[in-house]
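What follows are several structures.
Shared chain: subunit A. Partners: subunit B in the first complex, subunit C in the second.
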Partner chain A sequence: MPEKIGVYICAGCGIGEAVDTAKLAKLATGELKAASVQVHPYLCGPEGLALIRQDLDGEPRKVDKIVLAACSPRAKTEAFVFPSELVVERVNLREHVAWCQPPGDEDTQMMAEDYLRMGVTKAQKAKAPAPAAEAVSRKIMVVGGGIAGLTAALEAAAAGYEVLLIEKEPRLGGFLASVRKRFPGQPPYIELAADGLKARIEEALYHPKIRVLTSTRIARTDGQPGQFDVTLATAEGELADRVGAIVMATGWKPYDATRLSHLGYGLSPDVITGVELERMAAQGPIRRPSDGKPVSDVVFVQCAGSRDPEHLPYCSSVCCLATLKQTRYIREDSPEAKIYVIYKDIRTPGQYERFYRAAQDDALNFFTKGEVTRVETLSDGRLAVTVTGTPLGADLVIHADLVVLATGMVPNSADGPAIRELKDNQLKVLHSDSAAQRAEAARRVEELKHHENTEILNLGYRQGPDLPVLKYGFPDSHFICFPYETRRTAIYAAGAVRAPMDGARAEEDAAGAALKAIQAVEMAARGEAVHPRAGDLSYPDFFLQRCTQCKRCTEECPFGTLNEDAKGTPQFNVLRCRRCGICMGACPERIINFPNYSVDMIAAMIKSIEVPEEFEEKPRILVFMCENDAYPALDLAGYHRRRYSTYVRVIPLRCLGSLNIVWIADALSRGIDGILLLGCKFGENYQCHFVSGSELANRRMTNVKETLDRLRLESERLRLAEVAINEYDRLPALIDEFASHVAELGPNPYKGF
Partner chain B sequence: MAETLLVQPDTKFLREVIGSGGADLKKCYQCATCSVVCTLSTDEAPFPRRQMLAAQWGLKDRVLSDPAIWLCHNCGDCTTHCPRGARPGDVFGALRREAIKYFTWPRFLGRWVNNPQMLPLLVLVPLLLFGALWAWGPEADSVYPGRMEFANQFPIPVLEALFFSLSGFVLLSFAIGMTRFVRALRAGGATAPILANLPGTLAEIATHRRFADCGAERTRYWGHLLTLWGFVGLAAVGTIVGLGHMAGLVHTPLAATSPLKIFANLAAAGSLIGVAILVADRAGDPLKRTRSTYFDWFFLIVLAGVIVTGFASQFLRQGQVPGMYLVYYVHLVLIFLLLGYAPYSKLAHFCYRTVAMAAVRERREAIMLENRSKGS
Partner chain C sequence: MVENGKPILVIGGGMAGMTAAIEAAEAGAHVVLVEKEASLGGRVARTNLYFPKLCPPGCGLEINFRRIKNNPRIEVLTLASVESLSGAPGDYEVRVKLAPRYVTSACTACGECARVCPAERSDEFNLGLSRTKAAYLPHAMAYPAYYVIDRAACPDGCTACQEACRYNAIELDQREEQRTYRASAVIAATGWSPYDATRIENLGYGRLKNVVTNVILERLAAPSGPTGGRILRPSDGKPPESVVFIQCAGSRDENHLPYCSAVCCAASLKQATYVRSLYPEARITIFYIDIRTPGRLEDFYRQAAAGGIELIKGKAAKIEEDAATGDLVVTAEDVMNGRRTAVRASLVVLATGIVPNTEGLPAGFARDEFRFAVNPPGLKGLYAAGCVRRPEEVSATVQDATAAALKALQCAGRSARHA
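Up next, the complex of A and B:
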């Protein structure tokens, strides 16, 4: 049955002045064979919407696919709402044509017509997605029973969700259960909070929605969001359960102080870490470990092994606060003790500046910037601490009877991909054919050995048993503006395992992660994607008969969506999928396609562009544009009425990583003169919404360059640029510069073939 | 290799500074905004941040022997700009007082003069002394029969003997204090030849160039300039008349038209205007710029009192008003407070500041000159 497409053209917001909408309507009825075409000066108003509804209300419907030639798909989303079984395509005549091109111009009209052709073509090829209907568990598993885990469990339970709270230690509470006092918790943030975690631990233990399992580890986590099948190793033996989402709140451990011998650790029992002091304070008065006598001179060494390329390069954000807190303990126990704090900078993120001030006000607390260069023992058993680089202009020697090293936080995480690589290489050492390969594998095994037996979640994922981590070992996804997200769908990190933080921030973190987990199970239940394509019902179909087991899709998926069978054929897990299409871009066989986003669809859109003959001197430039950042940036350029070349034709992509290189060949053989790829920033501080999409696209350029060589074309006809969402003012110049460069190269020799 | 310092905080000193004038000392978090905004601070020997830290840590010897606390002219820029409210200007005021107490001789007088509780005792000494002289002094009219003259109240030779011996004690006290101070400065590394630098330093003080550089309000510049010059004028006249009288060259009372008398009156008037400006300055804006302590007020009020009672005595005498003896008695008591307690009161700052400026003069001169040529 041929599709019945309705084309609705808006003439408002300056579109009517810029282009001839009657001609567009004629194009739609004639060449594009639309079943219904309407032009309205105010399409998003009640009258305009009624016009569209008229075509939908009949039985059978007059149209079953809708093309709205109006404003950007990012605008008027609340007005243009249609039943989900309909295909709806938005053609951006406002931001991308009327607001950025000279009105009434021939080229402007051509641009609008091309966009209409592309939009209608896309609608023709698209099918409305049917949601993946799967039965899901709404139970939330919280891993770790410290402040973050307890809070996440209580928050999720308070929202009505079943919670499975597991803790590897015999008792709940984590680090904060064993401190004398907590940081100030309420205004004016000066007095230490006496309450530890007791009330919260009891609340969790007796909550009807929370099942607490202590002395428990995860033996295995199989499946996908909504259907995680976990096998738990408890004190009483193995236990299986099904959960929908996971909050990982495994906390932190102090940096290994035995590596800080240059600061005197190990030299004397009177050199201890902040965590050791905290333990001592929780159990009784603070005394010299060597002889149990009260302390009179205490030196705190801040950033001990932190912000140091040799140790932890980052700031743990709590060591300063812990030291400030511990000066209070010492003052409680030894009112006349002198306390020296040697810092790089005192940092008090959160509400703690007044707390710092209060500590400063203590006449016997001595703070200075400086660097401890030496800790030695004196003949009387005391310690001599040498400090350099103070603003005093002299090196200081402080005689102390207790030296406290404020060490940083190391996340209790596990590097899934590294563990996977270790195991792969261990297999290679045993089974590889060539000696060179075996030697290389043995070298990697040696390098990765410290990952042995570090698994926490034990995920049954092809990409490894745990979350991928960033370079300091934090499993944060690094999604801009989206904390808690990790690179495994429906698994959220919260608390100090995500980033160094104090208890108060961990509580906020836990509440946020619990809400994300709830959102994840609810969306999984509806078959919808979670962030960043929240609510998307489409998912890719794998035409596996033609699969060559090249494994590109399983390797490149940033979210570990795909497992493999023994032969290496991908096994798709729809609820893990974020619907970015990176697998579609990766597949050389083009067998991975969405119902409403496919290789064939984009190829058809490219073919629908009218390419003028060479003598007309109207080059065509195709812009593949990431719809997350670059596309809105171009919209913004439109809002600001910035002009750019009329020769560009924009095709938005779900992610630049979904770019299949066949489109490049399609475009060039069609006579397109230049192709610009605009994606998010990649590299260390990447901004890609799908973590690695723009980086993968950049890598695929190598292959594309080969294609160009094969076609005997200049490789400068193709360019990839990184654009951030706020760079709208840079975008027109970037496009124009590329357009003039393409003009210099001359027309595509394949034009007209 | 920087020098090494064994840290032994003097907590008594620290509490003393915090307790009187430097209450906000511990708030300093070493950002160095103060050293940046200070127009007198130099890159080579910046202040006040470093001294703030030394004071915070109770490093008494180090901070009190640092000439920088005297290079500060108390404009208050650091205090107004301090983001932490640590009031470096006030802390420096307190440190200067502590330095005077620390270096002076005898030290107990340094403590007494700066302790408000001891004020009655300190006032009682001249009250009794001059009261006794008045009581046992010459019979009324015995020296100048038929007229009320101060010579009828106090025997001039006794007053002269008294004030010259008091001056001798004060000079001795200053000499010992300065010796200690210079020794400390030397140990602290201020090596410029002080005596050779004195003329230049004094010229600089005479023109108040530092005050002008200081960026403080002009009122304070004029207030201090007038007070200083008036005071110097009065001291000079007093000394000349005293010596001249002893030598039989000058006869008191001086005629109202005598050049010395006219000069003395001009000097007194100038000084009074200066003091009035300084008092108004301190009283008018107590929190924003500079906080005033007992140390400041004792000196300013005694100085103002000396001049006011001096004028009053003179006019009452001319009018032959009977209250003149009482006023003159108060005048003498106040002079004793001003002169006798000079080595321990704020007045001593002229000695310490002059010596400190001379002790670092070459280096600073060179730097300031260089900065000026760069700026022009």
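Up next, the complex of A and C:
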């Protein structure tokens, strides 16, 4: 049955003045064969909406697909609400035509007409997506039974969710189970808090919704969000369970102090780490390890390893507070002791400043900025600490009977992609035919060897058994606005494994991660994508009969959605999918498509553009742009009434990484004169919300340009530029500059073929 | 989500409030988001770039606005404030006052009202550094994208906008409205305000033209700001040749804010990069007590400091103006060299701190001695999140707000599984 498309054209907001809407209506009725066409001066108003609804109310419906030729799809979303089974396509005649082009101009009209053709074509090719209906488990698995893991488990359980809490050690509690006291997190921010962990452990152990497994590791995690099948190696043997989402709260370990011999570690039993002091304090009074006597002069060395490019380049965030807390222990145990704190900067953010102030008020505490250059033993067994770079000018030598190194935090993480690379290279060493390849693989194995046997989650993912790490081993989010963004859907890192943080922060972080885990299972149950395309019901279909096992899709998916069978055929996991379409862009066989976003659809849109003959001197420039950043930036340019070339035709993409290079060939063979790709910034500070989309597009373009050169088609006809959402100011000039460059190149020689 | 039939109410539509609302709603809860301004985004919308990535906040706002637009479980109220709160966890009664916008949801944001409007007003989005018409859109990316009429700025009897609006979206006789909501839990995410820098008398803000605050500099650096993104000094509109940043302007000071405002160090380092990229030759000096860039922000500190910034540990004692040039002389201690130093600057930026917006927070929320809201252990039903609770950077705010969403969800009765 032919599709019945309704085309509703708004003449308001300057559209009617800029273009001839009657002509647009004629185009829709004639060439585009719309079943119903209406023009209204205020389409989003009650009358305009009634016109549309009238076509939907009959039985059968007069139209089953709706094309709204009005404002940007970002505008008036609250007015244009239609039943979800209908395909709705929006043609941006306001921001992208009327507000940025000369009114009444022939070229402006051609632009509007092309956009209408493209929009109707898109609607013709689109099907309304049906959500993936999968049975999901709502159980949350929490990995790690320290403060973060305990909190995640208790908070998720308090919201009514079943929890599986696993801990590799025989007991719950982690680091905070063996501290004397905790930081002063509550007003007046001066008094150390009792640890309070015991009650929390009891609560978890006896909670009806929490199952605790200690001395347990994960042998394997298969499946996908809502359907993770975990195999656990427990003290009693293997155990299988199904969970819906995972919170990874594996905590931290202290930096290896044996690498700090320059600060005296190993020199004397009286040089200890902050963690060692904490253990001693938890068990009894603080004494000199060498002879068990009370301490009289204690030196704390801050940033022992942290903020040091040779050791941990980052700040471990909690060591200043930990030292302040420990000065309090020493004061409790040895009221007369003198305490020296040597620091780079004291970092006590927020209300914790009060705690620092209180420590400064202690007359026997001495704080100074400086750098410890030497720790030596004296003949009487005491220690001499040499400090340079203090405000006092000359070097300072402090005689002490206890030196405490405030060592930093190292995350207990595993780098999934690195582990996978290690394994791949180990296989190459064994099986590669080429000696050169074997040698190269052996070199990589050597470099990656420290990742051996570090697996935590043991994910059955093609892209590696654990979360990818961001930097310094932290599986943190790269996004400031979205600290829970994850590259493995429904798996969230929380607590000190994610970033250096204190126990109070770890508790909050864990509660947040528990919310994300709950949200992930609920969205999976509704068949919805999670952030950033939250709520999207569409997902790709793989026409595997034509798959050539090239593995580009399985390699390039930033979220590890695709596994491979033995032959290399992709195995799709819908609930891992984030619906960005990067796999669609990667596929040379064009067999990966969404119901409402496909290679064929965009190709047809390109084909629908009217390309004037060469003699008309009206070049055509196709602009593919990221719909989250570049597209709104162009809307903003429209809002500011900035003009740019009337020869451009914009096609928004879910992500520039979903760009399939066949579209470039399609466009050039259609006689399109130039193609501009606008994506998010890539590189270290990438802004692509699908991590690597714009970078992948850039890589694909390099290959395309080589092809163009071979075809003797100037590769400058193709350009990729990085655009951020706030660059609306720069965008029109960027487009115009490209347009004039294309004009200089002259018409596409394939025009008219 | 069925909950117990009552939504979660979130006060404040900045980063914390928006996040709490969206995260709870995507988990299945119904949410009412109450924002006192005419559009969402709060302080973040006024920020030029985030540290450490130097990326624009609009990118994440766009995603969050889209998440709100697509989510039928979120009701957004703007120009709204909470009048009173009563009840108990699981069942609160919240009275909300809605100030008139004078523009209805029929508005298409075509801008015709502003075009014909004869009156102007101070633009609070740009901290009063520019002016808008009395009929205005708060800013180009504003959500909801409806104009607002500032009736206080309207000439008597003027109806120009109403006559010009083709969509009958303007109602100049709109009245204040009261609504009562039942809520299962309430999240206070009312954010922060910059400390009033005029109170730091020795630093001359308000008296010396070329002394600005860090929040002002943020607008001066923004392409959407009053200078189109060029940082120009207020006295003569010239590019600064030298810029001095003064850290802890008010913060860590018993006479002003005894606490540390946590974000100002990284913010000043970021702003130094703004100055550096616009004016490669400018001399940049930062006076600080301690540089506080926790975690991976240390990388940002290292990179920024490598960009030719002079860092001097010491507090600024006073700032004097050279009346002839408008230049400033900052006298400060130089702790590491044990002396006083004087640095000449064409522009001085005060890294003013964060003051919690707890004024007007309904009864029931506890506060500490600094007036930050507190979440006492074991408290149910009422949660504070974001900078109203402690000074913190954007990602920590989002993290905190996500945690608050879970706490609220727990009060919403049964589990979200019954969605």
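FYI, the second predicted complex is superposed on the first by the 746 of 753 C-alpha atoms of A that agree within 3 Å, B and C clash if a C-alpha of one lies under 4 Å from a C-alpha of the other, contacts with A are read in each partner's own complex, and residues count from 1 in each chain.
The rule is short, and it goes like this: a contact is a pair of C-beta atoms (placed from the backbone, for glycine too) under 8 Å apart; a residue touches a chain by one contact, two chains touch by 3 or more.
Being a predicted model, the structure only gives us computed values, none of them experimental.
*Asks:* After the subunit A overlay, clash or fit between subunit B and subunit C?
*Replies:* Here subunit B and subunit C cannot both sit on subunit A without a clash.
*Asks:* Return first, second, both or neither, reflecting whether A:T368 touches subunit B, subunit C, both chains, or no partner chain.
*Replies:* So A:T368 only meets subunit B here.
*Asks:* Once chain A of both complexes is superposed, is A:V397 in touch with subunit B (first), subunit C (second), both, or neither?
*Replies:* first
*Asks:* Is A:I346 touching the first partner subunit B, the second partner subunit C, both, or neither of them?
*Replies:* Both: A:I346 reaches subunit B and subunit C.
*Asks:* Give one of first, second, both or neither to describe whether A:S669 is in contact with subunit B, with subunit C, with both, or with none.
*Replies:* Touch status of A:S669: no partner.
*Asks:* Should A:T77 be classified as contacting the first partner (subunit B), the second (subunit C), both, or neither?
*Replies:* It touches subunit C, and subunit B stays clear.
*Asks:* Looking at A:R357 after the superposition, I want to know if it touches subunit B, subunit C, both of them or none. Which is it: first, second, both, neither?
*Replies:* both
*Asks:* State whether A:D629 touches subunit B only (first), subunit C only (second), both chains, or neither.
*Replies:* second
*Asks:* Please determine whether it is subunit B or subunit C that touches the greater number of subunit A residues.
*Replies:* Result: the larger residue contact count on subunit A belongs to C.
*Asks:* For A:T377 in the superposed arrangement: first (subunit B), second (subunit C), both or neither?
*Replies:* A:T377: touches no partner chain.
*Asks:* With subunit B in view, single out which of the stretches 167-175, 275-283 or 329-337 of subunit C clashes with it after superposition.
*Replies:* Clashing stretch: 329-337.
*Asks:* Identify the overlap between the subunit B-contacting and the subunit C-contacting residues of subunit A.
*Replies:* In the superposed arrangement, which is not itself an observed complex, subunit A uses residues 346, 357, 369, 391-393 for both subunit B and subunit C.
*Asks:* For subunit B, which residues count as touching subunit A in their complex?
*Replies:* That would be residues 1-7, 9, 11, 14-15, 18, 26-27, 29-30, 32, 49-50, 53-54, 56-59, 62, 84 of subunit B.
*Asks:* Can you list the subunit A residues touching subunit B in their complex?
*Replies:* Those in contact with subunit B are residues 338, 340, 346, 356-357, 360-369, 386, 388, 390-399.
*Asks:* Which residues of subunit C touch subunit A in the complex?
*Replies:* Residues 15, 22-24, 26-28, 48, 50, 53-64, 66-67, 69-71, 105-106, 108-111, 140-141, 144-145, 166-167, 222-224, 228-229, 252, 258-262, 290-299, 302, 313, 335-336, 338, 368-370, 372, 374, 376-377, 390-396, 398-403, 405-407, 409-410, 414-417, 419 of subunit C touch subunit A in their complex.
*Asks:* Which bits of subunit A are touching subunit C when the two form their complex?
*Replies:* It comes out as residues 12-14, 41-42, 44-45, 71, 74-79, 138, 155-156, 158-161, 186-189, 307, 313-317, 345-354, 357, 369, 389, 391-393, 471-472, 474, 476-484, 499-501, 505, 508-516, 518-519, 522-523, 525-526, 530-532, 534-535, 628-629, 632, 636, 639-640, 680-681, 685, 687, 689, 724-729.
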